[in-house]
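Notes follow once the structure below has been shown.
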Amino acid sequence: MADMTTHIATSTADGITVRGHDLVNELVGRLTFTEMFYFLVCGRMPTKAECRVLDACLVTLMEHGFTPASLISRLVHDSVPEEIQVAVASGLLAVGSVFAGTMEGCARILQRGVGVEDPDRYCAQVVEEHRAAKKPVPGFGHAFHKPDDPRTPRLLSIAAEEGLSGKYVDLLQRLAVAVDRAAGRHLTINATGAIGALLLEIGIPPEVCRGVAVVSRSGGLVGHILEEQRTRSARFITKLAKEHIPYECPTR
Amino acid sequence: MADMTTHIATSTADGITVRGHDLVNELVGRLTFTEMFYFLVCGRMPTKAECRVLDACLVTLMEHGFTPASLISRLVHDSVPEEIQVAVASGLLAVGSVFAGTMEGCARILQRGVGVEDPDRYCAQVVEEHRAAKKPVPGFGHAFHKPDDPRTPRLLSIAAEEGLSGKYVDLLQRLAVAVDRAAGRHLTINATGAIGALLLEIGIPPEVCRGVAVVSRSGGLVGHILEEQRTRSARFITKLAKEHIPYECPTR
Amino acid sequence: MADMTTHIATSTADGITVRGHDLVNELVGRLTFTEMFYFLVCGRMPTKAECRVLDACLVTLMEHGFTPASLISRLVHDSVPEEIQVAVASGLLAVGSVFAGTMEGCARILQRGVGVEDPDRYCAQVVEEHRAAKKPVPGFGHAFHKPDDPRTPRLLSIAAEEGLSGKYVDLLQRLAVAVDRAAGRHLTINATGAIGALLLEIGIPPEVCRGVAVVSRSGGLVGHILEEQRTRSARFITKLAKEHIPYECPTR
Amino acid sequence: MADMTTHIATSTADGITVRGHDLVNELVGRLTFTEMFYFLVCGRMPTKAECRVLDACLVTLMEHGFTPASLISRLVHDSVPEEIQVAVASGLLAVGSVFAGTMEGCARILQRGVGVEDPDRYCAQVVEEHRAAKKPVPGFGHAFHKPDDPRTPRLLSIAAEEGLSGKYVDLLQRLAVAVDRAAGRHLTINATGAIGALLLEIGIPPEVCRGVAVVSRSGGLVGHILEEQRTRSARFITKLAKEHIPYECPTR
């Protein structure tokens, strides 16, 4: 078999090295979680500005109340109470193509379009292709936050404050114009669209955008598990489903 | 059915509330990930000192090179490449009783023992009970980091610097004396023991200690998935297992 | 490192061997799923009687309507529709200590007690220990099927018909007498208790009892996922939770 | 909210109904696992012939030795030994697009092509489209079983014996001719291709083909977990990875 190596970590009896740095003396006590996460993903330390933008994205995605993910974690915790990592992990499984996929999808559109000669034409084409395929443009529209997702202007203004509102944010805003024009009405840039652009601005590739959502959500799910320990909502939710979705004999 | 409520989050068309705070205006852009995580778990904002200690714990637990968790995430990513949350979540399933359980187990021993009249006697009893049951005292000993786990003194000194080396750290150190005395040799306080004590010092209950490990490790696993995308180690690992664990016909 | 081997399977370019048998010529087309599963777990082919008992257990455990497991699979399927194995697997995570643990727990009690000199005294002691610890005896009582779980007599009569109602079933029935006597009222042997005894009768060890439940339930969950594809119940369930578990501001 | 119902199951204090049948009196003791699974998925009882074909598919897919799925289950079991459903479920997560997707992909091609006017032209087009996209035709070729996958002729002959070698098998064979012609060499129909066709012949829709693989593999993984309990291969595998994939300092 061909040679294979890893750049991530190694250890000796008295030391641990992570990507070329001494864990104990150079990283622990010096870095925040967010800085360490950025370092592991991007291979370099973030600037203060990049760090604030990443924190804003992580804080935004952390908690959404009752979503499939939090319901799943509560149900699993009630069935496997001794292993809370199972409850967290099962909820994270739902941070999938339907939800987190739009963040990734929007980031890919922006990545492909940055640097094209005529960005507005690129945006119009993207919108046209999605309309032809009867698919929404990822990162636009929201079932509940209408007319505008309140998280988006806040995220974009943080990027601007930090001098990180660059070519990706610019392209997102051109895309928003194209989306509205084609729809004949206003569709909000939603939080996943804004975060897709911001993660590109700070150098996080689309392939790992979803990882940011997963890390963030893992924190929120721990909070749901703590509440589940007090309220036992899982059994209540199971009862709700039984009572509101009655059995009907199938016709044979 | 009895009434049930949640204290976590709610939203309207133009706002999101998380535990009594306006997400967009009070939390995003103001809090770091670590502060928001602490807030969701403990219900109040951490002090700067608590935050530094929590960050030190999170950074310590994030990355350990090739562990069961990182191997699992790599193998799953190779089989389900389009859904990276599945790769992260599957690795997190392994942050279970064997590894993270010792952090939790050590925290529970410290929690029970704080405030007893004779702490040294309590520690001696705890050690005795574990010896009788032929179980290691959770938080002590390390297969590889001998004689001492290098992470432990660093973690304890950060807590001391921040004025957070209190009754739980004190009891941990008494427990260490009792462990060594009963063993007749020195056994290190390992990182999970130190972190168990530090999390209690900053007000995180034993029931959620493992949640801290899960959140931290989720960040490290994203880094492994990125490396997997470049090196394709999963197939190499599967080949290694096939070549080094040959088939032997069972005797019927 | 010491030598390690596997007894499970190997293959060449033109053949596959499973536990000493040629997969293509000896197993495929000759064995049912249940026979093959028994063979992989027990290392020998089951008799017709053992096979009927195992099928009865598998059929009993397969489908229970709206349980945590089926709700979880529905919620995950709605979030990750392209990877149905993720939906099945996430539901299986809930086949844990709370539910499947009672099957295993009952089997362990029976396994330990078979062959003791005074089985009735053993049963009385087991009941006494559980009462002292304020824990229910695993395999007894049911929240809904009162006074008797209808599955139990059917399972026991199938074992009797097949000549497989032996020492474990006998001990289960003695245990039932002891349970009722100590409670001062009738508590049903539930399906998990009966199945625990039957699996021991056919030679399946307690360590894998839960595996039988997992295999069985995986079949049932595929049925739930198919229904989810038609009815979209996941979004309905999420709405139910939001509407019936309102947000209440935490007191700070 | 609109009305929602389920056709799957309901229960009363003394009875359980599954899809219109009394579980205790009509299903347990009368059906095999395979019949019950078919019933839950297809809504009717299978014929003996359909049942034998489904069993052949299930037996074929159950066990493959060291695959990502079995390695994952072993690694998770070592970390979470008390909850074996977690080990099974984590392995099943890997029965994903890369492996089981080819079964599903082949079934979809066959389903779309059945009934077209010129089936050979349809097959040639399918092959052409895959070549243009530089993708293999799902269900063809095998990394190891060359020139032919030994499972395929066995599976096809069982279908023929049972009178279930119909239009889908016919189209699969035409597709095989087209694949070979375009490649200029022989590519085997692999087991996932044959199973895709057979499942269509017995009325199982492509949307659930992967469910058949999941159910089958769950049985095989229980066998791996049992072996893991005896051999502790997980730690051996982790050591193998550490030793054969050395750390290399990243260039900064």
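Should a chain be cited, it is by its letter among A, B, C and D, assigned in written order, with residues numbered from 1 in that chain.
Methods note: contacts are C-beta pairs under 8 Å (C-beta built on N, C-alpha and C of every residue); 3 or more make two chains touch, one makes a residue touch a chain.
Given the structure is predicted, the values throughout are model-derived calculations rather than measurements.
Visitor: Listed by label, which chains are in contact with chain A and with chain C?
Guide: Per touch definition, common to chain A and chain C: B, D.
Visitor: More C-beta contacts across B-D or across C-D?
Guide: Between C-D and B-D, contacts are more numerous in C-D.
Visitor: Measuring centre to centre, with centres taken as mean CA positions, what chain is farthest from chain D?
Guide: Between chain D and the rest, the longest centre separation is with B.
Visitor: Only C-alpha atoms count here: how many degrees separate chain A from chain D in terms of the superposing rotation, rounded to the nearest 5?
Guide: So the angle, rounded to a multiple of 5, is 180 degrees.
Visitor: Could you grab the centroid distance between chain B and chain C? Build each centroid from C-alpha atoms only and quote it in angstrom.
Guide: Taking the mean C-alpha position of each chain, the two centres sit 31 Å apart.
Visitor: So, what's the distance in Å between the C-alpha centres of chain D and chain B?
Guide: 37
Visitor: Would you kindly tell me how far, in whole Å, the mean C-alpha position of chain D lies from that of chain C?
Guide: Chain C and chain D have C-alpha centres separated by 23 Å.
Visitor: What positions in chain B touch 2 or more of the other chains?
Guide: 4-10, 65-66, 80, 82-83, 86, 89-90, 93-97, 233, 236, 240, 244-245, 247
Visitor: How would one label the connectivity among the chains shown: line, ring, star, complete, or other?
Guide: If you draw each chain as a dot and join those that touch, every dot ends up joined to every other.
Visitor: Quick check on the complex: what are the chain C residues that touch chain B?
Guide: Those residues of chain C that touch chain B are 4-10, 17, 19-20, 43-44, 80, 82-83, 86, 244-250, 252.
Visitor: Give every residue of chain B touching chain D within the complex, in rising order.
Guide: It is residues 65-69, 71-72, 75-76, 78-83, 86, 89-90, 93-99, 233-234, 236-238, 240-242, 244-245, 247 of chain B that touch chain D.
Visitor: Contact residues on chain A for chain B in the complex?
Guide: Its residues touching chain B are 1, 4-11, 13-16, 18, 23-25, 27-29, 31-34, 36-37, 40-41, 52, 54-56, 58-60, 62-66, 70, 82-86, 88-90, 92-97, 100, 144-146, 148, 150-151, 154-155, 158, 207-208, 210-216, 218-220, 222-227, 229, 231, 233, 236, 239-240.
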